[in-house]
Every structure is written in C-alpha cells, then in structure tokens.
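There are two complexes below, and they share subunit A, which is joined by subunit B in the first and by subunit C in the second.
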Partner chain A sequence: MEPVELLHMSVFSQSFSPCGRFLAAGNSYGEIGLFSLAAALSPDATAANQKPVLTFTAHKGPVFSLLSNDCVLLSAGNGEISAWSWTELTKKNVKPLWTKRPNYKSGLEIPEINSMVLNPQDNSLVVGAGDNNVHVLDLEHGVFKTVLQGHTDYVHCVCVREREAELLSGSEDGAVRMWDSRTGQCVHCIEVYKYESCARPQYGKWISCVTTDSDWMLCGGGPSLSLWHLRSLSPTSMFPLSGCQRQAAFHQDKILAVGEGAFVSHCLLGGEVKAQIPCTPSSLNTLQLNSNSSEHRVLTVGGSSSHVDVFTNLSYRAFSLSF
Partner chain B sequence: MSSDALKKRKSKVLRTEGGTPEVKRGRGDADPQDVRVYNEEVELDSKDPAQDYAQYKESCESLAKLMSEIQELKASGAKEGSTEVEQKRMQSCILFMNLKKLNRLAHMRLKRGRDQTHEAKQKVDVLHLQLQNLLYEVMHLQKEISKCLEFKSKHEEINLVSEEEFYQDAPTEISRPQHTKNDPHQLTLARLDWELEQRKRLAEKYKDSQATKEKIQKSIEVKKEHLRSLQPGLNAIMQASLPVQEYLSMPFEQTQKQAEVARHLPPPLYVLFVQANAYSQACDKNLSVSINGDVDEAKALSKPPDDSQDDESDSDAEEEQEKTKRRRPTTGGQLDDKRREMIKRHPLSLCVDLKCKDGSTLHLFFYYLMNLNIMTVKTKVSTSTDLSMAISAGELLKSDTLLSCLYSSDQGRETPNPANRYQFDKVGIVSFADYVEDLGYPYMWVQNLGGLHFPGETSEGMLVGSSLSASHMESTMKLLRGRVQSRLALHKQFASLEHSIVPISSECQNLFPAKIISRLTRWTTISHQEFMDLPYTRHVTDAGLSKETDLYFMGVIERGTARLHAAVVLSPRYPEISPLFSVSLNWKGECSGRTDDNLRAIESEVNVFKNELQGPRPGHQLLTNQIARLCVCLDVYLETEGQDDSVEGPREFPREKMCLRTVRGPNRLKPFKYNHPQGFFSHR
Partner chain C sequence: MGAVTDDEVIRKRLLIDGDGAGDDRRINLLLKSFTKWCNSPGTPEEGFTQYQRMLGTLAQCEFSMGKTLMVYDMNLREMENYEKIYSNIEQNIMSAHEKITECKKEIQRAKRIRKNRQEYDALAKVIQQHPDRHETLKQLEALDKELQQLSHIKENMDAKLELRKKQFHVLLTTIQELQQTLENDEKSDNDDPSQESPMENSE
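Now for the complex of A and B:
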C-alpha cells in the first residue's frame, strides 16, 4: 500500500476471532486486515509482528462494522454483508461464505450499513442501515425477516437487550428507539437532544453510540454521553466529555468511551471522568475488548489513522498494530 | 804600648780587609802591591793544593803549640809584656798571616774551579742542540719518502685492453715487445700509448658521424618545407569543394571536423557523444549533439602521459617557487589550490540539445571532472514563447531542481564515485554539494550515459562501457523530455494560479460542477522549513513524505468568511508522483485535517483519489485539477455545515450543490464525490 493511502486511512471496525488470538480490523478502503495478537504480544515480537498477517479487500466501500460469532466473521460495507469463515481466514483462504444485501427501497445511492449486532435469542443479525431502517437477518435461514421502520434519518448504532428481548437503535435523527424483537414494534422512543441536561446544540442531535447493561443504557453523540435508567427512561448521569463519542462500553465498574480526540476516556458510573489515556489516532472510531481469550486480554482502539492501538493494561498504550 | 799599637794595626787591618788582603805586608809602601797580587795568582798555579793543605795542618799545630807555651808561661807567672811571651806572640802572628794566605788561596782555587765547570757545560749544550736538529731532519726525510711511496698514478683508472689483445692489435713500434716483455713499467707505458692512439681514432669517427647526421637533418628539413607548402593548396581545394558538399547535402566536412574534435574528448564524454549521435540518427531526429570548449587545451592534455606529468610537476614546482618568493605559503592557500586542481573540468564539454514538440529546447551541458572521474550536467531551458514571469515558478526551471530525482532518489548532490570520498578528505572538501552550483550535478544517470559505473549499495549487475550507456539512452531521453514538458506545463499553470485562476482544460470539465464558488486567492512558494513549521503538516513529515528535494507551495482558497489553507508538497518527479495536500480551515475557529474528519476526507479526496483527476496523459493537469477539486470540496463542506434546522436566520452559504445525503457513516462524512452527468454529490 502506498504511503499516501496509509496516511489517509481510517480504521472503522474491529472484531476478535472466537479463539481470541486474531484481531480483524476494517478500514476506509474496504480492506480487512488480520493481525495476530498472539505474535504481537509474545515477548520476542518484532516490528513485523505488528503488521497484518493477511490483508484482503472485502468490500468496495469502507468496512463500517465487523462482528464475529463462534465460527464466522461478518463484515458490512457498501450496503452488503459478507461472512467469512475464521478457520479459512487463518489459513489465508479469502473467499466469502455468503454475501447478502438487505432489501433497500432507495435507488440512487446504496445505503451503508453502520452497525451490526447478534441477537443470540433467535440467532438473528440486527443491522442498522443507511436507509433509516433496522433490518433483521435470520441466520438460520439466511433471509431478512423483519424491517424495523420509524427513524427519520440513518441508523448509527444498534444493540440488543437480551433479557427483555428488546433491540435498541440510535439514529442521526437524534432518537433512541426500543423495539420488541418478537413483534417488530417500536416500544419506546427517547429523543435525547430534547433533554436539557444532555443536549449540545453546537454539535447536533445525532446519537452515534448506544449500549446497554441490564437496566442501564449509555448513549451519546451530538448530545453528551449519558447514562440512562431504562425502567424510568430518565438520564441519571452525564459525562463531561468534549467532542462527540462514537463508541462506549461498560467494563467492570467503569465506562470506556472513544470519539473525537486522541484518547480513551475512563468514566465512573457516577459521572466523573476518571482518566483520559492518550493514543495514536487523532480521533477514534472503535474500541474493542478481547474477552475471548484469557491470555490475550487486551483493549484495542482504532480511528483516523492506519494504526490500531493495543492496551494490555487499560492505563497506557502498549504498542500499535498498523496496516 | 806595643799592644795598643797592635790593636790599632789590627783595627786598621780589619778596616781595609776587603780591598787589600795584603795590608800587613804592604805597610809603608803601597806601590808594589799589584805585583804581589799578580804573584799570588801565579803562585796559585804553581802550588799544589795538597801541599797547601799540609802547610795548613802544620801551621795550625805550631800555633796550638805556641798558644799552650804562652799559657804555660803565663801560668808560671810571667809578666805581661815579657819578651818571651812577646816573642811567642810574634811567632803566632806570623802563623796567622800564613793561615790567612792559605785561606785566600783556597777561595781563589774554588772560584777558578767553578768557572771551568761552567765553560764545559756550555759546550755540551751547543752539541745537544746540533743533535736535535739532525734528528728532526731525519724524520722529515722519512715522511717525504713514505709520501712518495704512496703516490698513485692516474693511469690506473683507465681501463686498458688486455695484454694479449694489446700484443695482437698494436703495431710493433708501439708495443716494442723486446723492451716491454720483461719490463712491466715499459709495458704499461706502451699500453697507454696504444690507448691514446685508439681514442684519437674514435674521436675522429664521431666527428664524421655528426657531420653526416647534420647533413641528413638538413635534407629532412627541406623535404618538410616542401610538404608544408602543399597544405595551403590543399586547404584551398577543400574550401572550394564546400559549396559542392553543401549542394549535395553531404556534410562530410562538418562531421569530420566533429569527429576530429571528438578524438580529444575524455572517454566518458566520447562514449556519450557516440551514443547520443547514434541514438539521434536511429530514433530521435530532434536530438543534436555538439562539442564545446578549447580544443588546443584538450590536445595538450591528451599528449603522452609521461610528458604531461613532467610538465605538471615542473609547473607545480614553479608555482611553489613563486609562492615562496612572494610570501610563505599558508596551508590554507595550498589546500585551495589543491581543491581547485581536484575539481578541474576537462576543457571540452558536450552539449546535447533536446527539442520538444512545442518548440522549447532543453540544453544539457555535460562535463567531465578529470581528477574525480565523474561526469556532471548543467541544464538550460529555452522556450519558443516568452514565459510570463510567475514568481512561484522560479524554482521550476532552475538547474538544481529541474533534473532532480529523474530516477528515484537521484538527487545529484553527492558524488557517485566512492573513491572521491578519500580524495576529498585529503584536501578538506566536506561535501560535493557545495560545488554543484559551479560544476554541475553528478546524477547517476549522467554517469550511466557516459558508461561510468560505480558500485553502490543498490547496484544489481555490472554493466560496462558503451553497452551501459546505450541501455540507458532511450529511457533517459524520454524521461528528460517528459520532465521538461511537465515543468513547462507547471510554469504556465503557476502563472495563472498566481492570478487566482485555476485553469481547467476542456477534457477535465466533466470532473467538476459548472459552478464553483470558492476561489483560489493566493498561490505562493514556501520553504521546506516553513512547511515543516506548519501545525497541520506534521503527519506528512512524520510519514517521510516531505523531502528536502521537494518543492513546497501554499495555496489559499476563500469563500465568504471561510479560508482554506492548503500546503502542497510537489515532488520533482511530478506528475509521476502526485502532489500532496494538507489543509487547514479557518472558519468559526481553526480546524485541520488532524482534528476534523471531514477535512481529512477532503485531503484524501485530492491525495488518494488522484487518479480521477489525472486528466489526459501524461497528467500535466493533475495539480490544477486537484486545486479545483479542493475548491469544490470546500463548497460542499461549507454548504452542508450546520444542518440544524432549529438555528434561525439566513445561512451564510446557501445550499446550491445537489447532495443525496449530507452525512453518512459513523464519522458523519459529507458527500465530496462528484458524479458527472447527473451532477450530484455522493459519498465514497
């Protein structure tokens, strides 16, 4: 790859292999790079081990989302979803198992797929797409069984609330919608930007990250990152982070969030920002914790750079993988 | 009474003792005294000392006897002045007198003895002196003799013919065997005579030979004169034939002349000359080669090497002498001279003119540095049309950047010959780069064209001589032509960029929407340092994409209150390597490609997706197309910013571009891609 292309590359998505020894990262040129964590984390690792063991072009557009279940890697780009077998990928065989495309209505521009999440209850894949809808793909039969309509702008992010059989989606229109996964009906709609405590009109109203943990929800974007109690549907704490957050995750008793700005923010549930750990890219798109393997338990973050920063300890950056 | 008189006499005697020892006898008459003294002296001769001694003993005994008789008399009571005593006294007085005389004689005898001894001693001394003189004479004579014995004759150094040969060859009147057979001295003399005779004969012979030689030389001179007189005639004939040659379009004369001059070219320039001529005849009629410089000087240089070396050393010595005369030479001055000597160029140089289709010509001047064994090149571009002076284009056609990096990383600032490093160390040249301005640039391809090959870190195979030159000629000439054309194109473009016009050719119209509102307001050149100091170019420098050899520019694009700064890295190999833009937007605060994902997307729009902007081959319009694209992207950026409908009041930038969606994807990028026939903007 030419140095100029490397210079303008962004990493949008990451996913760890089921064995936890590999990391797949998708970039803005539609490529997926496979890094060997086992090699990069070994004591005698060299600079060559921080390069991908395999790079292949998966899609035409940027790879906005990557997801792994116990045998396949699912990648989303340019309006289509492809599945790749992990065992084949580790043997460096690059051939998609299948490629599917939701039923879009609009014609001129192919809507992108911004987010995917697995719903283990009925083995389905929930897809947040650029046509303002959430599509549900039945992985058993390989067909799109439902379309959740209601958002007025494109869907940024989706997540699953397993216990309640609910799906959540955050959208550019500023709303977080909760859907009943069985009926496909919209249960609730929270317009976050209308809450004064969260709203930041200077940025905008879109919601770019949503994640849940039992009765709690984290959401942020144009409005500041906030923790919500879902039963009462009310915000409980705001996190005073500058810039828009693009991904957040619950980790033990803390919240990790990334977004604009070259750092990973560590927040306490109460609303304080505990630490901001610097990293290489000037803004971050994705954060991923490897829980698949106890030996390679790391945090990786990617953003507007060809580097993927690796944190073996949450409090400092250990090294960078790079395309 | 008589005793008184005696006393008186005694005292008298005492008084006159020294002068007259015989006062007692000479009382009454003083005249015969001399006779008496004389007598005494005579008496001395006649008397025997032994007799005197006996007399003395006798006198002393009788005196002692008289004394004792007087004493006896006295003791027996004789009266003072009795006759007996008186008599006795008289007798003793006489005895005293006698003793006195004896004493005197003894003294005189002693004196005489002494005188005699002295005389004898003087005689001995004279004799001793004589003896010494004689001894000295003997020694001197002995020395003379030994000197004579050591004498060497000159004839011993002369190599003589052996004795047998002498008897064989020499006539009998010289050899005289009857005399010489037995007498070695005569033999030697005879042999010397023979030697002299022979030498005389040889001298005669030598004189004869000299005379014939002179004669022959004179005849040669005459013949030469004759031949020389033929030259003007021949020249006249040649001159007369010139119109005929021209008429028949057969430039024998010129090519011959050039070939004649080319013989004096140093080998690398000769290889280049031959190859360039061959190439121009075979493939490229627009390439012409000529030789410049002082032929005579070159001729002097191409003389046999030992001669020239002598000359050099002589002149060096003279120079040094001169210097010492003037002043004690400082080491600095000497080093300067040595440096100048080291970087000396061959007096002949090669000029290759490369004509392009549009009438512009690239003049390449090739030089050969004799002592460094490398070739250098200088360039000049002449154009058919007068180039309007664009300030920012000043660097483009300059000798130092025009040919930089013709082949990748061939900057021509350091000498390609590794041996030069050691030569430089000797004379204290730190870097060849200080001299390229004067001497020209020693690019690798120049060495290759001249058939010089230096093993470097990146050398693959060894190619030698003219085959090496031939293998590079075509590709290099193509590259040179491409380089000049791209520079001339850039030159023209810069002239209009400085007048805030972004030229877009008709072929490229479809790359951009019809209406572009953002305008380029400034286009200036900046230095490498200025570029590095910009806060938003750090990533480019860190990625190693801005090099010292690159050219740097700053463009400012404005629309309304928004102002976009674009720092541009232009590689000397443009358009093969595309320009690299880094942008920073000054609108409602400062943001750059580092802080704003959309500006980063704009950067990648012009830097990464440059292939769409290439235009017709070979892509001379890439830079202007990139700038135009930047203007379009700024339009889109500004028009789609601040979508929030809740904000009241008129917008600064009304939406004019047609966009399907204003934002897309997780990082909410704006649609920067233009779709031609439909005229809308979409996302990548």
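Now for the complex of A and C:
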C-alpha cells in the first residue's frame, strides 16, 4: 500500500472472530484486514505480528459496519451486505458466502449502510440504511422480512434491547426511535435535541451512537452524550465531553466513549468523566471489547488513521496494529 | 570397559583425594609402620614409642572419620530444612493465588454494587425534580373542595332561578287571565250597555 493511501485511511468498523483470536477491521477503501490477536499478544511477538495476516477488498465503498456471529463475518458496504465464513477467512480464502441488498425504493442512488446489529431472539439482522429506513433480514431464510419506516433522514446506528424485544435506531434527524421487533411499529420516539440539558445546537441534532443495556440507554452525537432511563424515557445524566461521540459502550460499572478527540473517555454513570486515555488516531470511530475469548480480553479502537490501538489494560495503550 | 571404569575410579579418587589426601596417606603409613613394628628387631623402648606413635595415628584417623560422619549428618539435616522451607513457600504461593482470585471476585462484586448505586442515584436525581407527592395531593384536595363549594353555590342559584321563574310565570298567567276577563267583560259591555256602570264599579 502506498504511504499516501495509508496516511488517508480511516478505520470505520471492527469485529472479533467467534473464537476471539482474530480481529477484522474495515477501512475507508473497502478493504477488510484480518489481524491475528493471538500472535500479536504472545510474549514473543514481533513488529510483523502487528500487520494483518490477510487484507482483501470486500466492497466498492467504505466498510462502515462489521459484525460477527458464530461462524460468519457480515460486512456492509455500498448498500450491500456480504457474508464471509470465518473458517474460510482463516484459510485465506476470500470468497463471500452471499451478498444481499435490501429493497431500496429509489433506484438512482444507492444508499450506504451505516450500521448493523444482530437480534439473537429471532436470528435476524437489523440494518440501518441511508434510505431513512431500518431493514430487518431474516438470517434463516435470507429474506428481508420487515422495513421500519419513520425516520426522516438517514439512520446512523441501531441496537437491540433484548429484554423487551425492541430495536432502537438513531438517525440524522435527531430522533431515537424504538420499534417493537415483532410487529414493526414505532413504540416511542425521543427527540433528544429538544431536551435543554442535552442539546448542543452548535453541533446539530444528529444522533450518531445509540447503545443500550435494556434498562438504560446511551445516546450522543450532536447533542452531548447522555444516559437515559428507558422506562421513564427521561434523561438522567449528561456527560461533559467536548466533541461528538461516535460510539459508546457499557463496561462493568463504567461507560467507555469514543469520538472526536484522540482519546477514549471513561465515565461513571453519574455523569463525571473519570479518565481520558490517549490513543494514536486523531479522532476515533469505533470501539470494541473482545468478550469471545478469556485470554485475549482487549479493547481495540480505530479511527482516522491506519492504526488500530489495542488496550490490554484499560488504563493505557499497549500497542497498535496497522494496515 | 575396564579402561572406562579405571578412568572413573581415577577421577573419583582424584576428586576425593583432594580432601582425603592426608587420611589415605595416614592409613597407608599406619599399615606400613604396623608391619615394620611387627617385624622390627629394635629395642622394646623403640617398639613402645613406635606403638604409641601408631596409636596416635589411629586416633587421628578415627577423629577425621568421626568428623566426616558428623558433616554428613549435618548435610542431611540441612537438606531436610530446605525441603521444609520449600514446601512452606509453595503453600504460601498457593494461598496467595487463592487470595488473588477472591479479591478479583470481590472487585467484580464491588463494581456491580457501584453500578447499581450510580443507577439509583441517577434515577433519584430525576425523581427529585418532580414535585412532592404530598403537596400535589394537598393541592388536589384543596381544588376538589373549591370545586364542591362552587357547584353547591351553582345549585343554590339554579334553585333560586327556578323559583323566581315559577313565581313570575304564575304572576304573568294571572295578569293574562285578568286581561282576558276584562276584554270579555268589555265585549259583553258593548252588547249590554246597561250593565257597564256596575262592572266599572267592581274594577
């Protein structure tokens, strides 16, 4: 790869293999790089172990979303979803299992797919697409069974609320919508920018990250990152982070958030920012915790750089993998 | 084969000899002096001195043997001591490992508790913003009372209005009847002029 290309590369998405030993990272050139975590974390790792074991072009546009289930890696690119078998990828065989495209109404533009999430209850894939809709693909039959309409601008992020069988989606129009996964009706619509405590009109009203652990929801983007209690639909705490957050996660008793700014923010549920750990990329797009393997429990972050930072201990950056 | 064992023997002898050079030589000397003493034709005094000298050498040999035995005993005991210390340390390591796992579990529990406490705090903050339930209930009660009073007043007014209406109605019907009677009388007066004056007088 040319140095210029490396300089302008951004990592948009990451996913760990089901065994937890490999990390797949998708970048802005449509490539997916497969890194061997087992090799990079072993005591006698060298600089060569921090390079990908396999890089292949998956899509024509940037790979905005990567997802793994028990045996398959799903990647979303320019309006289409491809599935790759993990066992085949570890053998360096880069033929996709299938490629599907949701039914888009408008024929001219191909909307990009910003985010996907698996709904384990009915084995379906929830896809947030650029045509303002959320499409649900049944993985058993391979058919798109529902389209959730309601947003007035493209969908940035989706997540699943397992206990209540609901789907949440955050979009550019500033609304977080909650859909019943069985009937497909929009149950609630929260317009975050209308709440004075969260709104930051200087950044806009778009919501770029939504994550939930069934009782609580974190959402942020234009408005500041805030913690919501879902039963009462009220915002409980605001996190005073400068810049817009692109991904957030609940981890034990803390909240990890990444976004604009070359650091990972650790915050407590009460709203205080406990620590900001510096990283290599100047702004971060994706954050993933490896929960598939007990010996490679790491946090990896990627952003506007060709490096993916690996944290073995959450308090400091251990090393970086690079394309 | 013989050469190997010879070499070994020589090696072993060289190794041990460093320490026992004096002892080995002493024993050989003792044997030689014993045979010489047995076969010596010298005077009984010389024989006696030689005998004493041999006893001395024998005592020396016994002494060094005793020393070596004691050193051997000491080494054995030191080994035992070290074994004991070794197993002690191993046990300590095991218990330290267990303590570490216990503490890790404690940490997980404490983190969960902290998370629950923070969630509780966050919800409590939101709840505090809403007004107190007692106050709202009191306000509701006061409003209820007012409402009751007002409806009471309204009922009274309605009743009064009804009464007045009825009274007016009675009055108006009486007046109308009187008017009717007067008109009828006027008509009957026009037919019968002789009965006008008594009619006018009765009005």
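The working rule: the second predicted complex is superposed on the first by the 323 of 323 C-alpha atoms of A that agree within 3 Å, B and C clash if a C-alpha of one lies under 4 Å from a C-alpha of the other, contacts with A are read in each partner's own complex, and residues count from 1 in each chain.
Everything that follows uses one rule, which is that contacts are C-beta pairs under 8 Å (C-beta built on N, C-alpha and C of every residue); 3 or more make two chains touch, one makes a residue touch a chain.
Note that this is a predicted model, so its numbers are computed, not measured.
Applying the stated clash criterion after superposition on subunit A shows that subunit B and subunit C can sit side by side.
For the combined model, the angle formed at the CA centre of subunit A by lines to the CA centres of subunit B and subunit C equals 100 degrees after rounding to the nearest 10. Of the two partner chains placed around the shared chain by superposition, subunit C is the only one that A:Gly270 touches, whereas subunit B remains out of contact. In the superposed model, B is the one of subunit B and subunit C that contacts more residues of subunit A.
With both structures placed on the common chain, the touch criterion links A:His229 to subunit C but leaves subunit B unconnected. Contact with subunit B, but none with subunit C, is seen for A:Gly130 once the two complexes are overlaid on the shared chain. In the superposed pair of complexes, A:Ser15 makes contact with neither subunit B nor subunit C. Applying the stated contact rule after C-alpha superposition, one finds that A:Ser322 touches neither subunit B nor subunit C.
Judged by the touch definition given at the top, the superposed model places A:Thr55 against neither subunit B nor subunit C. In the overlay built on the shared chain, the residue A:Asp253 is in contact with subunit C alone; subunit B does not reach it. By the touch criterion defined above, A:Gln245 reaches neither subunit B nor subunit C. In the overlay built on the shared chain, the residue A:Ser75 is in contact with neither subunit B nor subunit C. Annotation: superposed on chain A, subunit B and subunit C show a minimal Cα-Cα gap of 29 Å. Judged by the document's definition of touching, no subunit A residue lies at the interface with subunit B and also at the interface with subunit C.
On the subunit A side of its complex with subunit C, the touching residues are 215-216, 227, 229, 232, 234-237, 252-253, 268-271. Subunit B contributes residues 539-540, 543-545, 578, 580, 594-595, 597, 600, 603-604, 607-608, 643-644, 646-647, 660-661, 663-668, 680, 682-684 to its touches with subunit A in the complex. Residues of subunit A touching subunit B in their complex: 3-8, 10, 12, 28, 61-62, 64, 108-109, 112, 114-115, 130, 154, 156, 172, 201, 204-206, 208, 246, 260, 282-283, 285, 304.
Against subunit A, the residues of subunit C that register as touching in their complex are 108, 111-112, 114-115, 118-119, 121-123, 125-126.
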